[in-house]
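Before we start, here is the structure in question, set down as structure tokens.
Note that the chains are named A, B, C and D in the order they appear, and that numbering of residues resets to 1 at the start of each chain.
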Amino acid sequence: MPTFEQKVRASFGRQSFMTTLGAKLVSVGQGSVEIRLPFSDALGQQNGFAHAGAITSILDSACGYAALSVAREGAEVLSVEFKVNLLAPAVGEAFIARATVKRAGKTLCVCAGDALAVSNGEEKLIATMLATMIYMNANKA
Amino acid sequence: MPTFEQKVRASFGRQSFMTTLGAKLVSVGQGSVEIRLPFSDALGQQNGFAHAGAITSILDSACGYAALSVAREGAEVLSVEFKVNLLAPAVGEAFIARATVKRAGKTLCVCAGDALAVSNGEEKLIATMLATMIYMNANKA
Amino acid sequence: MPTFEQKVRASFGRQSFMTTLGAKLVSVGQGSVEIRLPFSDALGQQNGFAHAGAITSILDSACGYAALSVAREGAEVLSVEFKVNLLAPAVGEAFIARATVKRAGKTLCVCAGDALAVSNGEEKLIATMLATMIYMNANKA
Amino acid sequence: MPTFEQKVRASFGRQSFMTTLGAKLVSVGQGSVEIRLPFSDALGQQNGFAHAGAITSILDSACGYAALSVAREGAEVLSVEFKVNLLAPAVGEAFIARATVKRAGKTLCVCAGDALAVSNGEEKLIATMLATMIYMNANKA
């Protein structure tokens, strides 16, 4: 496994919130990350769809780890800000967040991510995120 | 209890994700809502702070319910989009999301929310949201 | 010229601010629009680069017209909100805003746009927008 | 005139785009800035209202200068990103952008700004911005 993937998988393993949600790290490329979240009743909003906050959580982690996958050695990633558009109700058996690095600078990294709902093997775009991440030195974070 | 508060409390009670997080609806005014989320290890990101997604989730619910508190009878609220700035690490015994309506139109409602971390009785601003909500007819949603 | 392009070109022609900036409508597809803005000293920020507001202006128009290009007959488009990330200094002979529709609903239309700087025939990504537009009936707007 | 105001006024004076728009720097506090933009036909969108890009431009400059007003000596400010909600049509004799610092860190500064339309001496909220600015060393910028 390449070093960048080890680093991302180790950090994801420390995110207890991803475990709480039931999210799994599917794949890690250099500058791209995919996270999968099976639907469960524990994630519901008032209509029984998955809560926008749950979808945002996997998008944020996917964006953050896309940024980490291209970070210098020893750098950590924190979310500065993100914006999410909810495009369709989060209805499905599972949700996928796919994020890629749009531009990585020395200090900041801008990432974009799409969330898809999976139903009967079909994917439907349900949300999209544009996020700014910051690189922090591990010893300063 | 005023009708608008009953409506908000009933809908919040159906959001299983708020229960999953451990969030409580503290107060409901006409155009303002406060939600409280005690910290727990289940909410952590890689450094043990609360995950930005957990903080965003209570901000989103607070903004949505601020919009619902001023909605016409029979209207439901869905999140169109939001943007969150994370201003400081989410470290504390509990987190509070306070949202208010910035402008309510016939179709859209724009809300702003701040998230605060509470430590030893002191509140610190840790995040801020600007959100757009849409009113849907209950029978169409 | 297809009807959707006529409609977009007619509306763009009424945007005096695009004329003030010196922006031109390059191309109009069904769900995609390109606008070009030659650099001039009149657009500068404090360092002489093009002001983020000028780049945002052509991105907003490009997103709005991408939404209009797929609108029902008689519908007008207004900007609900947008978020822009500035990725690199706006330095170049000209700037291009390319927007596409991400999802068009009955009421709202979400569009994404990239801004590029052109120097010696080379394009460089300098900004990206995620925008929400609303369809209004012409007789109600 | 305090040093921070001199610094802001000098930088604003170099923003040729503010001159192009006709915008004036009204007041500069430590962490707060107000800019005024008289309406003119040159600013119009397709309905004759002021273009969202013009309103965004003065909000961006107001946020950037609020950040600069609290910056360390020698630091410059660049816009990282911003999000704007357009709350009402930009109709009026003049527009005012009022921005304040929400949180200033060592590297980043988050600012919020409201835009108001002035008609017959009455102010109406028409837009709101949430922005992230970055401090750059003058000799590195």
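Here is the rule we use: a residue touches a chain if its C-beta (ideal position, glycine included) is under 8 Å from a C-beta of that chain, and two chains touch if they have at least 3 such contacts.
All figures in this text were calculated on a predicted structure; none of them were measured in a lab.
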Through how few touching steps can subunit B be joined to subunit D?
1
Of all chains present, which has the mean Cα position farthest from that of subunit C?
B
Centroid of subunit A to centroid of subunit D, CA atoms only: how many Å?
32
Could you give the separation in Å between the centres of subunit A and subunit C, each centre being the mean of its C-alpha atoms?
28
What whole-number Å value describes the gap between the mean CA coordinates of subunit A and subunit B?
21
Where subunit D touches two or more other chains, by residue
80-81, 83, 85, 110, 132
Arrangement of touching chains [line / ring / star / complete / other]
complete
Footprint of subunit C on subunit A - complex, ascending
83, 85, 87-88, 102-103, 110, 112, 125, 128, 130, 132
Under the definition above, what is the set of subunit A residues touching subunit B in their complex?
11-12, 14-20, 41-47, 50-54, 56-58, 60-61, 76, 78-86, 89, 141
So in the complex, which bits of subunit C are touching subunit B?
80-81, 83, 107-108, 110, 132, 134
